[in-house]
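Paired with chain B in one complex and with chain C in the other, chain A is shared by the two complexes that follow.
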Partner chain A sequence: MIVPIVMSGYFSLTRYTVLSPPQWVGMDNFIKLINDDAFISSIWITLAYTLISVPLQTVVALVLADLLAKRFRNRFGSFVRASLFIPVMSSLVVVAVVWRALLGTDNGFVNSVLQAIGVDPVNFLGEPTLALVTVSLVTVWKNIGYFLVIYYAGIMEVPSELYEASAIDGANRRQQLWRITVPSLRPVTFLVVILGTIWSFQVFDLVYVMTGGGPGGATRTIVMMIYEAGFRNFQMGYASAMAIVLFGVILVIAVLQRKVMKTSVG
Partner chain B sequence: MGTKIRTRLLLSAAALSATALVVSGCSSGGDAGAGDVESLNLWLPTPFGAESTSVESDAWDEILAPFEEEQSVDVDVTLIPWADYETKYLTGVSSDDGPDLGYMYGEMMGDYIVNGAIVPFDEYLDPAAVENMLYVDQGKVDGEQYALPFVVGGMRILWANMDLLSAAGVSEIPTTWDDFLSVSEKVTASGKTALLQSWGAPDRGMLNSSFFPLLWQAGGQILTDDGSKTAFNSEAGIAAANYLMTLLESGAMPSSVTGLTNDEVKSAFYGGETAFMFGTDGQLGEITDSGINADFIPSLEGEQRGTFVASDSLVLFDACPDKQLCTDLAEFILSGAQMTQFHENIVAYPPIGLDEEGDSENPFIPVYAENADILHSLPVAAGSAGVYNSLYTNLQQMLLGQKTPEQALEDAAGEGDSSLQAAQ
Partner chain C sequence: MRNSGERRRRKTPNVATGISAVVLIGFVLIALLPFLFMAVTSIQRTTMITVVFDPAKFTLDNYVRVFADGGFGMALLTSVIVVTLACLVNAIVCSLAAYAFAKKPFPGSEVLFWVYIATMMVPGQVTLIPLFTMMRELGLLNSYLSLFLPIINAFGVFLIRQFMETIPDEMIEAARIDGATEMQIFSRIILPSIRPAIIALTVFTFLTTWNDFLWPLVSITNEEMQTVTLAVANLQGRYLTDFGLVMAGATVSFLVPLVMYLILQRQFVEGITSSSVKG
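Up next is the complex of A and B:
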């Protein structure tokens, strides 16, 4: 793990086309980054993508896991859990291709249904804000099964006596979820949020296939920028500088989240 | 025909890079002797036009079999999907696991030339083979034969659904920018979509049909003649961008185009949902199968006529262990018998050699001959990929109403110039 990081660090200080040996340029790539509007924009886009997908997938996974653990601990529950896990096992590229087809403006399945009920077609991937929201929601759909399984396992570990005692005291299901399940699952939530955040910052395949970073750069995330710089524009040194910044951002977020969780648990 | 870019900087850098590679011991270390080579790696894109990659793979095996037998060498063909084409080349070549002979399109070549990864064919070419090649001059960069044209085809044309035009009271395909606008208005008034373009496509290739032809028709060009700067941020470029905006604002082109892919546009045209589509001659078969009554013209006329034609080539990699053998393989592939098989079994493009008759039933053969003077291909210049990516993003932003045509072209030119400068 150390070697790629060190190599990226070295390349970030060079002008490197991949096809010829790197040339030392010092901090030039980082200075260029600060003034690169497209890169700054990609940071905001990645943050927006993260802020839409992580809270949503965390909450939905928790609520579904609670529902399945409490009410559907039977064959139906197992079927639902297995069904929700299928997207997790599917290739991201396949997921992206399928959703791209489903969401097509002309003749896409979703728009055909909308038109059938009298709603005008929605340009899901052709409007900047909507495209970002759409990609984020597909991510939520893809990830929920994974986090649901983690939450489900966590809920099974919560002592049933807590629920029984609270029921005797008159707590309803919502109060049990909020007062017992959520506090008991804080370490699990920490893991889910950290993993979700890191995955969001690393998103590439889904965006690459669904929108290619468009329209007009509206879904161009940081990793998409890194790919374009390195593999399309032959600027691997510059791409490495972006990768180092991304690494730093993820590190800072992980440390901050850990601190917040510790404080919260304390 | 075609745009050839001469850049001294590019040549100097190529020489410097090649020297650096030799000095640092990164070169292939010279040619192996004849007969020492057991296999050659040939990289080609897929799909060209056959119904599947496996059909194309089988066709290539058949085409190359006589060469393998005659030279006692295995030709390992790697078929790479278009979507991964540039990435696969970059990672393959940089890890010394690339091809000996490969297929490249113009905008890919510049960076590889500058870095010495591909080398000229000149000293290995058989003069008789050169004489047979119709478009050999298009493969010259800085006076050297870096490329041997393999596909000169895929002309971008304006397809029209004649039934939809008739329903709108129009009997002929419009030929000028003004006519096109007025016919589009009639089609729109008849309740149909006039034009669809794939401005939601994940990659920039759609510019070849949807923007560059307009730029050439307005009298503009993509890069300066020496390839060192962008040239589209000009009066002609702004006229082309404004025309696109007029198509959008007049309703000839719906705002949903910013979310459409190539497949969606084709599907809509084949389904009779749109009157016009900027496509290629290679779509003739699909259009015939769709049963629509279609016709075409090669180009609209603005200040002049002009459209894109693919001019993709075979290139010789420095890593080839026997450059003479690799050149022989290129000459073999490009000779009449093999090209006839290629055009019959993989994709029906026009002949590229004197010794190929071509399909007499292909209606596009005379079209290429009659319109040779309006066909343009993309310039060869290091860093040009960055230019096209930036232009595509900025034009999307223009169509989304985020930028004016002037702003979009100015921003794209600024970013494009940086990319060209960085590469040189």
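Up next is the complex of A and C:
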């Protein structure tokens, strides 16, 4: 595992097409990257995708977990948790294929419903901004069950005396959520946010199948960029430089989030 | 376990609980309906994706075609072989390595372990190109080996080692004094106590291998070696609006993990969420 990482670093400093051996070019690839509008925009696109999906999936998972833990510690509750886990175990490719068909403009189900109620068809995957939002929402749909399970386990660990004492003091359910559940779950939230962010930066399957990076590159994320450079244009050195940048970004996020969470705890 | 806030709420609990239940059912429907669409469309003679089952339009033709034209039989076989190999090799390699790290410390083993664990943080996309080059140099592209080797990673070692820490060293010592061989110690004492960890790891390996897409996409150029997940994506690319056919492929690829999930629900959730230590 160490070897590929070192190789990645080395390739990023070379011109490397599949056919000829790597040629040392120093920092050329990185200089080219900074001036590559497509790459810069892929970073913004990935960031936007992250900023839509992570907060939404975190909040929804927390609210649902709280609801389940407070009111439905029964068979109905476990049925809900089990059902919401099904999108989690399904492959991203299946998810993308099905949602693409549901959202399509040619006989897609969602548009048939819209038409039936008199709304003009919406080209969910054909408009640049809308396509990115759509892909982000499908991600939320898939991830909720996962983070719900993590939050649910976290809530179970919160000492019930805290709730009992606050109830005696007259706290209502919303106050309990904000004053007890959310603060107690800070480490869990840290995990959920960091994991969600790192996953978001790795997004590929969903975009590849749902939009192919389109329309006009509007959903071309960083990994999509790496794939196109490395395996369509066979610029393996250039693609490795992108991979190193991605790695750097993920490391920075991990460190930053750790810092932010630490200061907000203390 | 219910907290007393339940009893002190101003609204009648039943109304609030009822509304919550409706909301939750809504979420369940949103989570499950797309799969229902997929399954119903796959057994219909139809030009659109549908959730209404019409017996008059019932057909298994989509499945016949997906296996005949889509090369799905071959893909299914490849996926089953690769997943089985990945699960077996991962369980064996990781439990042996974890045993060495946990119970057979050698100079520098602690450092080696943490360096190894650090590799877990590196996303597969970062090492994609070197992996591809290495496999190509070794002439392994388009082989079962190339499909399952990258799955073996530090996560399994980490997971199992944590479990092994709970086995008291005295137990191993006692067995050794009684004349047990290393093999016997491993198979009689270690293995039974790390069973839950191995099951969790196997579920995790199964699902990541079955659902893996990027690696097969770049490494498989021979159509006969494509995995089920890759085959589904290819179907969609080739027969975009032939919804029945595409959904039949998607259903097949979805059903295998689903059946496993329904049988091993608890282990599934544990196995997959235990990976949250990863990253």
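Rule of thumb we're sticking to: the second predicted complex is superposed on the first by the 265 of 266 C-alpha atoms of A that agree within 3 Å, B and C clash if a C-alpha of one lies under 4 Å from a C-alpha of the other, contacts with A are read in each partner's own complex, and residues count from 1 in each chain.
In this text, contacts are C-beta pairs under 8 Å (C-beta built on N, C-alpha and C of every residue); 3 or more make two chains touch, one makes a residue touch a chain.
Not measured: the values here are computed from a predicted model.
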item: Overlay on chain A: chain C relative to chain B, clash or fit; value: clash
item: Touched partner set for A:Thr17, first chain B, second chain C, both or neither; value: first
item: Which of chain B and chain C A:Gln235 touches, first, second, both or neither; value: first
item: Which superposed partner A:Pro87 touches (first chain B, second chain C, both, neither); value: second
item: Touched partner set for A:Asn107, first chain B, second chain C, both or neither; value: both
item: Most chain A residues touched (candidates chain B, chain C); value: C
item: Touching partner for A:Pro4 - first (chain B), second (chain C), both, neither; value: second
item: Which superposed partner A:Gly217 touches (first chain B, second chain C, both, neither); value: first
item: Touching partner for A:Asn123 - first (chain B), second (chain C), both, neither; value: first
item: Touched partner set for A:Val209, first chain B, second chain C, both or neither; value: both
item: Contacts of A:Lys259 with chain B and chain C, given as first, second, both or neither; value: neither
item: Chain B/chain C common contact set on chain A; value: 18, 100, 104, 106-107, 208-209, 231
item: Interfacial residue positions of chain B with respect to chain A in the complex; value: 17, 20-21, 24, 26, 86-87, 90-91, 93-94, 111-112, 115-117, 196, 199-203, 255-261, 264, 267-268, 271, 273, 382-383, 385-386, 389, 392-394, 396-397, 399-400, 402, 415, 419, 422-423
item: In the complex with chain B, residue positions of chain A that touch it; value: 15, 17-21, 38, 100, 104-107, 121, 123-128, 131, 208-217, 220, 228, 231-235
item: Residue numbers on chain C that touch chain A, as the complex places them; value: 1-6, 8-10, 16-17, 20-21, 23-25, 27-28, 30-32, 34-35, 37-38, 41, 47-51, 115-116, 119, 121-134, 136, 153-154, 207, 210-211, 213-214, 217-218, 229-230, 232-233, 236, 241, 243, 246-247, 250, 253-254, 257-258, 261, 265, 268-269, 272-273, 276, 279
item: Residues of chain A that touch chain C when the two form their complex; value: 1-5, 7-8, 11, 18, 64, 67-68, 70-73, 76, 79-80, 82-95, 97-102, 104, 106-109, 112, 141, 144-146, 149-150, 153, 160, 163-164, 166-168, 170-173, 176, 191, 194-195, 198-199, 201-202, 204-205, 208-209, 223, 226-227, 230-231, 236, 239-240, 243-244, 246-247, 250-251, 254
